[in-house]
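One chain, chain A, links the two complexes that follow: it is found with chain B in the first and with chain C in the second.
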Partner chain A sequence: MAHEDRAFYDQLAERGVTRRGFLKFCGSVAAMLGLSETMAPTIAGAVEAAAGSKLYPAVWLNGGACTGCTESAAQSTYPDIAQIVLDILSLNYIETVMMATGEDADKALYQTAEANAGKFIMIYEGTVMTGLEGNTLRVAGKTGLQFIDEIAPKAAAVVAVGSCAVDGGWVKAAPNPAGGTGISMYLKEKGIATPVINLPTCPVNPEWIVAIVIDALLLGGIDENGKVTEGLVSKLDQFGRPSFIFGQTIHDNCPRRGHFENGEFVYQFGSPEEAKGYCLYPVGCKGPQTQTNCPIVRWNNQTSWCVESGAPCIGCGNFNWVDNGAPFLGRMRKIGIGSVGAQGGGWEPGVLGAIAGGAVVGALAVHGVGMKAAGRIGEGPATEPMKEYDAKRAKKGGGN
Partner chain B sequence: MAHKLYREAHPMPFVLTHWINLLAMFFLTLSGFYIHFPIFPGFMGVARGTHFFWMFVLIINLTLRIVLAFVVKSANMPDTREVDLDIKNWLPQAANRHQMIPWIKYYLFLKKDHPISAKYGVLQKIAYLATIPMTFAAAYTGFCLWGPTSDWGFFLAGTTWVADLFNAGGGASLMPMRILHYWIMWVILIFTAAHVYLANIYNFAPSKMIFAWKESGDH
Partner chain C sequence: MAENIVIDPVTRIEGHLRVECAVEGGVITDAWVSGGLYRGMETVLKGRQPADAFYVAQRICGVCPISHGHAATMSAESALNVTIPAGARLVRNLIEAGEFLHSHILWFYTLAALDYVDPAKALEADIAETYALAQAAGTSTANFGAVQAKVKALVEGGQLSIFTNGWLGHPGYAQDMPAELHLIAVAHYLEALEMQAEASRVIAIMGGKFPHFMTSVPGGTTWVPTEEKLDDVLFRLLRIRDWIKNTMIPDTLAIAPYYAGALEYGKGTGNFLAWGVFNSESMEMVDRYLPNGVIFSAQGLKVEDATPDKVLEYVEHSWYKSDSGLNPQEGKTQAVDTFPGYDVNAKYSWAKAPRYDGKAVEVGPLARMLVAYLRGVAPVKSIVDTALTALGAAGKPEVLVSLLGRVAARNLEAAVVADWAIEWVNELIAAAKEGGVEFYTPIEQNAGKGAGLWEAPRGALGHFMNVEGGLIANYQVVTPSTWDISPRDADGVRGAMEEALIGAPVLDVERPIEAARIARSFDP
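After this line comes the complex of A and B, so read on.
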């Protein structure tokens, strides 16, 4: 056994990862996948066996993207275990970091799709730009939509990385002139049946891509014929998100939750309450409305995450997260009429409620003054002797 | 007008359900306001606990009230001890026919005489009947937010629908549902303001009846 093993662990060591660290990592992947810790060695074995094998062809397409997700996944400053797992993918096309340029690059994309039809993974980053008939995004003389139309039907599965790919992300925020939407919505509209795995947040957390790659490719989520199995599908919720990642709210797992229940809040940044690490609910934390496992998996090699580092969660794992999360430091989203007011303007839901309530109370007060003036208070006026309707009918000489 | 009010107008079970409903609404509103924005520290656990307790009281009480309507008899008109099954008095009665417009005119001071009314006037009946879907709407949107029930298909469907409504094509997001639940509180507050006003504007006899079960008028 020794030879390959050593090669693998040498490879790890080169990246500054110890064997122990690697096993721990496999344990955390097992936990994320909802498997028992005892599965860690199995996962480690599978990763080890597959490492460096370029086992599975993949292409990485960019839509209207800021490339933040590529950046996040590549973690280029500290290549690490995640990188080793991602190396299992034979990424034949990835605009941002590939060597090939121009026509060669294009060829790599189409050849991969042709040669591996039904057996490659299409990773999609960025918004699907439907505005101006797709001309809001043009690559190599074609619209971004044409690339999707040609590649997606051939893929075994699409992995939508980051909120933009999932539902349009911040590009889709009102008034959305680019016609941004998510890849699953676009494919549905086009009648393309390729299954989509949605991994929101802005950017995507590389740990989630790793978990999906391990689950789909090494633990049998996609079978030898390139078909997504029932087992994998059953792990997705109705929005195509793996429920083991997106099944609970941040609030449910937040280390500051105790402060929330105690009513210990940060009302102002720079206050002593902030220094004590109190709950960020009044300064706009969207943790109660956001379903991701950020508090457990955390970010940047499991170093920290938004709330831990002192910032309220802005809900980047939500659908339409900018419109729903802004103002980021306010408790609730502001409400506009149509698209008016959705950016910056808009009204606090509470202000709308108070205006409606105040108007009714005011109207009742005026009515009360009228009641007093009309002398109706106390006994009230006499009751009509006959219904108006009956009186009219009687006048016309009709019966009831 | 000057109705005589007999206990048959609001038999004891309804005095109790009205009290319980009022208390539930009171505590749900107070705790709800606090959950919406904790204006002072130290109270969140209490507010949420209070909310979660009274929400069950509220819907059990409403369900009970509806069942009782099919069991208990109440006065079918003002000024009378004559009773009918309560549900009949809630739904439109013969005396309510053709009276919608006169009631609106009366409230707008376009009509001098008090319109002929059945157990309740037309608008009053609409308002009272509306309390049922209104309370269920609060309950439904509330359970959409409540951790233990929020992922039930029945509630998730509503959460998604409301999110779509707010976003034009969104998906998973609890924020719109929170806003809707919060607005329903305002709808309830607005109903209550109009209701308290109309119930007490002539005199306090109706309140003495519904709260203290005290008859008034000559009898």
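After this line comes the complex of A and C, so read on.
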């Protein structure tokens, strides 16, 4: 059992977090990490022990980012962002919130990488901007690429937060005017062997960052020499994504799944069917093609998530999500439940993950005449406005 | 002899910004502001469906995705000629309000406060005195002892985390501001992290999540309220409003007098533009809760209606090769073919230079509050007059045209928006009880041109969409930061932030905290 650190719980209490609430959270982290809930006290102990011990050095680089992933990290609840940056990580460089500015900020980055070579984590947010020899992103008189070239080789691991960092995100969508790509692809091309943990979706869900930080830093995923352990590697899929987070489809865990099975669908927003919370598949939901645990973890301290608010999933955690998902309100022609890549909403199968130094290459073969006319650009699975059968049902008022 | 100083990166903002200044005799005499990132949103959207702009375009900014999402949806609605029903109007106002509250709290405490508040100084505070001061200032208390201990442990532990290399002990902090007030602000800096997250939860209830939301579609919203969810929204909004009134506003008024010097500089162009935000029943820009308007203060504080027809964008000093001087409805955004380097005499920014009626203008809360004040919006008038009295400038709204005014306007706006949000949720609850309230109108048209003119927390925002054959033929965005961080235009006229830097004091050229303050006051 974890020892009870009164000061720690006093601090939590000041933030309105009860001991019970904190342990419940540790239970959900345990579940997310694929551990039994009986591991909750171990996790609680590890988080408690982190308070007051040496902080793990980390730097957070913003590439071609909207800052949404930093914002998202700031929405984390247990541990909250203050606890993460004051009790667990020594986050010495993060442009969006750090106190230092100008040259002193830049120095904080390089000093941290130098002083902790091989023993710090580099969190990377945003697209890797390769356009115009990297000048599509300029910081401190350097290109964004220079930062990666100089810092990434020294890091114990790179955590790619959000779809932009993972594969280029919307910036890479056709015709990719600014030359965007993902960090694992870029490192592979440059021959930089630092392992990458990929956390897609747009933005990243803060609970996933927390799960990774707890697993990698507090539960021994990175050893004392800064080496990523086999234990952590075994939890990643071939795309470098933690399989405990990205191993099931949205559709598998969707609370609206029962309506799908019953053939109860929403055909128009603002309709009585929508008010009843029917399945959003006909209005474009990409839940069957999208592998994340959003329905379980949800967002903003489990307040809600996309489908709960009546919005079809747009598959923001999928490879090349804009080109593969748009038109977002278009009904997917095939459902292909749960099959990674097979349907094309997901990822190219058989490609070695970033952790093994591989890059996601190639694109999906499914495309054809009429896609341009439908507002689909690039490659991906087909959508259609509505099936004839559904059109009849919609007129009848949908549902059963 | 002028000396050039560079702040790059300007941290604690969204995105990548460089500020270069010429300093002579401790005063800034010239300035160049450079945006560091080009991603090509406008090009990515071409050829896609109008409804898809909402999902992609909001990802321009992770701090203000709601505003971009709304402006994108509104541009489709304007192009395709549909008016959203009453329920959708209220839902959008509420989600937008959630973001304004989130963003303003985050800006003041997480981003800007460290320019005025020195955590090192907080270590000298006497705890009992701190409680007494908090009470005297009318601001809320916290466990000041624990906060001080936390800061102490951090400093003594030698691992400063996000405070690494910060300008702790900088002489530019108000030297007469008591250590106790520094400690109060540091305690609220930590508390604000929870309050900004609470405002995000308001968005998440109606928008699915934050950042980046899901429920705005051309024609309305996909979110259908239930009594339970509306209660949840109301409860959280009340909590946020009380915190703003009991903590954020008194903090602002307590700290402001120590930086009264900032009423004298950071004035900028004196030209202000607001498209307006938060629709009223009429859906007209001029009737918005924070209405549309433009002010050229050299001609006195007078407001005129603002129209997008008077906007032209220049690229002489930006890294684009497309034509200069275009109206955004027919605008183009094509990057140069080869990068020519950073040269303040030629091209030096990824931001374009938009001009209104040929003039560089400032956008943001100060613009909105001045426009609303001059248009006689009652709650704005009342809170601004109260603040002016507290600053010893009763009846002189023109003093707000300054660095301190820009900071104060944002915080005052948060209080006004919080009150309105509570009104709107009550309206929605009443409407839902009555029944018959609608949230979506289907779109029938498949061609047209239109603009979504709206406001992000940081200022006037325009999305411009041309639709042909059901697909986007052209898309252009003029963000608030494009206005504020604008480089020089074709005539060499400086942008709003560049102009605001001129005349500001610089105490220490190695650590130009005053310039950083001015840059951040725009919340770029």
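Everything below uses one rule, namely that the second predicted complex is superposed on the first by the 312 of 400 C-alpha atoms of A that agree within 3 Å, B and C clash if a C-alpha of one lies under 4 Å from a C-alpha of the other, contacts with A are read in each partner's own complex, and residues count from 1 in each chain.
Note that in this section a residue touches a chain if its C-beta (ideal position, glycine included) is under 8 Å from a C-beta of that chain, and two chains touch if they have at least 3 such contacts.
These figures come from a predicted structure and were not determined experimentally.
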Item to complete: Determine, under the contact definition given at the top, whether A:Q146 touches first (chain B), second (chain C), both, or neither.
Response: neither
Worksheet item: Taking the superposition as given, does A:N253 touch the first partner, chain B, the second, chain C, both, or neither?
Response: neither
Discussion item. Contacts for A:T136 in the overlay, against chain B (first) and chain C (second): which applies, first, second, both or neither?
Written reply: second
Worksheet item: Should A:P177 be classified as contacting the first partner (chain B), the second (chain C), both, or neither?
Response: second
Discussion item. For A:F319, using the defined touch cut-off, is the partner it touches chain B, chain C, both, or neither? Pick first, second, both or neither.
Written reply: first
Worksheet, complete the sentence: Between chain B and chain C, more residues of chain A are touched by C
Worksheet, complete the sentence: On chain A, the footprints of chain B and chain C overlap at residues 374, 377
Fill in: Footprint of chain A on chain C - complex, ascending
6-16, 18, 34, 36-41, 43-44, 47-49, 51-52, 55-56, 59-63, 65, 85, 106, 110-111, 114, 119, 142-143, 146, 150, 153-154, 157, 159-168, 190, 193-194, 196-197, 200-201, 203-215, 217, 219-224, 319, 335-336, 338-339, 342, 350, 438-442, 469-472, 511-512, 516
Worksheet item: Which bits of chain A are touching chain B when the two form their complex?
Response: 167, 181, 185, 237-239, 241, 246-247, 249, 252, 260-265, 281-282, 286, 288-291, 315, 318-321, 323-325, 331-333, 335, 349-350, 352-354, 356-357, 360-361, 364, 367-368, 370-371, 374, 376-390
Worksheet, complete the sentence: Interface with chain A, chain B side, in the complex: residues 1-2, 36-38, 41-46, 48, 97-99, 101-102, 107, 109, 112-117, 147, 151, 156, 160, 163, 166-167, 169-176, 178-179, 182-183, 185-186, 189-190, 193-194, 197, 201-203
Discussion item. Per the contact definition, I'd like the list of chain A residues that touch chain C in the complex.
Written reply: 10-11, 14-16, 52, 54-55, 57, 62, 64-72, 74-75, 77, 80-82, 85-86, 89-108, 111-112, 127, 129, 131-133, 135-141, 169-171, 173-178, 180, 202-203, 268-271, 274-275, 299-301, 303-312, 314, 316, 322, 326-330, 372-375, 377
